[in-house]
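In the two complexes below, chain A is the common chain; its partner is chain B in one and chain C in the other.
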Partner chain A sequence: MSEITEKEIERYENLLREMWTASAKYLGILSVNLLVERVVWEVSLEYQEIELLQYDQDGISCARIAARLKENPELPVGDMFMKFITRYVAILARLIGRERTEEIKKRLNEEFASIPFDSREE
Partner chain B sequence: MPTNLLLSVSVKYWQEFQDTLAKVMDANIYIFDINGGSFSRFSLPVELCQEVNKGRELRNEKCISFYKSALASLEDKDIVTCPYGIKLCAYRLGSYAQKIGFLVVAPTRLRTQVGLEEENTFVSKANSIYQTINEVLKAILEKNLLGLRRLELNSIYEISRLMTSIVELDKVLDLITNSLIIIYKAELCVVGLREGDKIKVAQAKGEHAQPLIGREWPLVHPLMEQVFSKVEPSFLSLEELRPLPGFAGVEVTPGAEILIYPLWTALGAVGLLGIVAPVSMDDNGDKNLQIYANFAAVALSNATLIRRLEREAETDVLTGFFNKRALRNILANELERTVRYGTPLSVIFLDIDDFKAYNDAFGHLSGDVVLEKTAEIIRNSIRTVDIAGRYGGEEFVIILPGTNKEGAVRVAERIRKSIETFPFPHRRITASIGIASAQKDDSIDLLLARADQACYRAKKEGKNRFCLNLP
Partner chain C sequence: MDKLITGIKNLDYILGGGIPAYSLNIVSGSPGSGKTILVQNIIFNNARAGRKSLYLTTISESQFKMVRHLQGFEFFSDDLLGEKVIYGDLGAVLREQGADKALGYLTEMIKKHLPNIVVIDSFKAIRDIFPDEKTFKAFVFDLAAALSIWEITVFLVGEYEEKELTLLSEFAIADGIFHLYGQEEKRFQKRFIRILKMRGTSFQQGEHLFQISPVGIEVFPRMRPEGEELQYGFKPGRKGFGIPSLDEMLYGGLTEGTITLVSGATGTGKTILALKFLLEGAEKGENGIFLSFEEPEAQLQNTARRLGWEIDKYLAQGRLSIEFISPIELDVDKHAFEILDLIREKKVERFVIDSISSFENSVSDPQKYRDYLWALGQQLKRRHISSIFTALNDDPFSPLIVSREQISLLADNIIILRYVEDGSSIKKVLGILKTRGSDHDKALREYEITPNGINILDKLNKADMLR
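Our next item is the complex of A and B:
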């Protein structure tokens, strides 16, 4: 049984929403959606379930991933989300500069203390 | 294999597939990436390997160095013997255009005496394994490539929409650089716009992009001549680009090539697009990027043209100052700021004395010189944050944000004296000046009218002086 609970999915969802909002401020919604689409594609090469992530101009939702987790509790969602975040932040740093990315990371680290951010690729 | 972005595949899932195949075929399978580094583990324990390194991973330096050197010199396929005497079948994976990695097939048991027939059976089994694995990997590569192409096409679609929906140059520049960095994970992306006989870097993104922004590259520079001598992109190394201003501090992955696309439209060269991408392009990738560059060229051309028209629509041709319409728009914004932040704001209304008589006596060309020189004097007498404009005929308006009436008086007197002492052709020129400071609930018309009234008073009191409009 996976240790990732619905609450943790909710935490990841909140985190992704914060990242989405913070990035949209600098990049605009169009670029942020393209960035999410790109990272979803890249992560889906390893974890197809990331394709269940819903995103549009209003933001991000993990509802379908949470539903999938109920059907398949073995889903490595923790690793999947970490890969998503790492790759997202790595590209974001190129777009808005390391300094601004650090600011976003710092703020998110304060709110989501248990999730380590790193813009370096694994 | 993770080094090849397009062959990104879950190692866990791959290992399961590889282990099943190894079990069915009763052979040991091992896969290396294109640099000879290990990708997957041995599928089955090899007796001798177990003795050497406990089986499942290559920890023995001797083995690692053997594989590296054997695979580096591998053409297509070969039978090689490892340092511990095991005969292995080695294959290059992928196609000639897209190299993926290497496959090594080994027997499951160590046999000292192997007959020719047994060896042929093993080689034939290894060939079948190679065919299967190569086909699967090529299919994964193809699938991943299709995903990348879909991303490219989506972005091209967005850029094409831009041509009809977004006309702000800054937004177009951002969208072009952002989408290229996102799609290709580009290390660096540069857009240069043509300004006369040079290319000016209008936007650059990437880790070391900042020093490039605003740099100018003359079109007569040999590198620019090379880029604009054709419609296809030029592949240049960072070393070749070093002579261009701004590239001294730029760093990219060693050996990376920079693609520079000249941006052409029916009107000629618009600018250039430079990109450092880690993804090796195939023919389709090249074509997609070329289509992207073509759309980018048209979008940039439209946005540049609209920006120029907007600037021309708000600029006075003779003096280069803002015209009346632009001045009123700026004044509206400044008044709003004054209300919001409570900062002072003053306006100077300047009228050249007896300008009609000067024009009548010495002609309109001489009159134009007076207007040009007066504008120059005003420009040299104000701060960069102050805004000057030609309000009409021989009237100028100067907006002084954050300046109270005392500050405005100092500026007005400085301008008046400079005009009075400037050696204009034919005769001395003077100006009358009215000053008004913004009040609560002021409108553009009220503020300008008070400055105008003060100027009128200055005229009435003998010209060549300033008057304050006191509430």
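Our next item is the complex of A and C:
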């Protein structure tokens, strides 16, 4: 895995952790895990490697995805995570309301400015 | 907040627009109270709007029996089964694989069908499968969390008794609670629905009548006498009877949008006077409804014809409608609501209830009767409908009792009709007790009902006739 890809995975992991923490405030840890489980399942229909995402009550980890990437550097990691994030934010907007989701997005945008969060995927 | 439209007549109105989406709702009630039909009605209505439902039975009713029973309802459609309405059996999983596999099965079914609505019927029946309350509570919590994350609106149906509603753990977790029950009132076996809880929306509290018919469920919202219903204004116009002397006594007629109580003993002509009020309106191009609890339409037509009134013309034109409800069939909860529907539909300006005494006799609780009449009165006034309520005075010679149950309080105007003795004969006397916001003739006048209508005669000038 190139250094650039390694950094990209690390960046996405940080982003997912931020999302996980921010949404746990509204949904609670149990529900956040269920939401991640749902989004993992939905994204896995297109990108099966997302099933390697690890999550539990302590948080979320991309370590296994990073390991798989070493075996298969061609994985479309960027597309997969973007799909995951977009789907996650869209569902979150419907569950807790667009206004609160905007707050979360705003906070994430400050730290991850290059990722265009959009809760209007549908 | 997104809402799930139930599509059931008046239920969405009571719910302030529908059930909050992704909420977990319990539908409780004793066996036969209509729980399953209510939920089935909701899911088939939603199926027609393109939403998918997963209906999981447990152990209370086999699926084929349920489908067989539903076939008699208009909302049911074979075409939607398997596509938009999917039946599953959660009971078998619970019995054969245990409670801990139930959530897994449910999740698999959700992934397979991606439903918008999930129903578990009966939820109470599966309590016994769990070893203790703690385990069951954990299951309910996990279930609620899992289903909400899948953006699913949930209905848990159960044969819960009212006393259980505050005790069992599932009710603490529920966002909404619908309680269905029946009770006998006078001669009617009636069904009521109460919304005990509904997070995220304002809803109308109290018991609302509902009925199950081939159409499905129809709800008749409780009439509310309080709050915004009291906001109405007065119109300056007047509406007369078309009886010159009487209209003069009223200084031109009854103030528009007011309620007039016409109280009198049997045979004093309350019905005729009220009917004349509507016919005068029809003559002026105003629509009117005569709601009769005492005389059928044909009988009223006959009376009017004998008096030379053109009732047939106005009935044919639609200016006048006569609605007869037998007092034996009268169900205040239902009919009060239907009356308002009718008034809206026909753009009515004049309205008569003949008589409110029949209303009174159909309601077991006097307070409920007063509340209903008060609420109906406020609704009529809000719509600026000039209304006459006739009331039977049990004592033909006493002018003091206007009506039982202090209904006179809701009237803006009161006209009394009574008998007086004049030597060896009986005469009829009319008097105006009050006209709110207006002056009126204080005299008592004799009147007679002749083949030409109602004639108001001279002032009563023999004080001894009123002993």
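The definition used in the following text is that the second predicted complex is superposed on the first by the 117 of 122 C-alpha atoms of A that agree within 3 Å, B and C clash if a C-alpha of one lies under 4 Å from a C-alpha of the other, contacts with A are read in each partner's own complex, and residues count from 1 in each chain.
Note that in this section a residue touches a chain if its C-beta (ideal position, glycine included) is under 8 Å from a C-beta of that chain, and two chains touch if they have at least 3 such contacts.
Remember, it's a predicted structure, so these values are computed and weren't measured experimentally.
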Comparing chain B against chain C, which has contacts with more of the residues in chain A? B
Does the superposition put A:Leu30 against chain B (first), chain C (second), both, or neither? both
Under the stated touch criterion, which partner chain does A:Arg94 make contact with: chain B (first), chain C (second), both, or neither? both
Is A:Tyr47 touching the first partner chain B, the second partner chain C, both, or neither of them? first
Which partner chains sit in contact with A:Arg38 here, chain B, chain C, both or neither? Use first/second/both/neither. both
Common interface residues of chain A - those touching chain B in one complex and chain C in the other: 28, 30-31, 34-35, 37-38, 41, 91, 94-95, 97
Name, in rising order, each residue of chain A that touches chain C in their complex. 28, 30-31, 34-35, 37-38, 41, 91, 94-95, 97
Residue set of chain B touching chain A in the complex reads 5, 8-10, 13, 144, 147-148, 150-151, 154-155, 158, 171, 174-175, 178-179, 181-183, 185-187, 205-207, 210
Please give the residue numbers of chain C that touch chain A in the complex, ascending. 1-2, 21-22, 111, 142, 145-146, 148-151
Taking the touch rule as given, give the residues of chain A at its contact with chain B in the complex, in rising order. 27-28, 30-31, 34-35, 37-38, 41-42, 44-47, 91, 93-95, 97-98
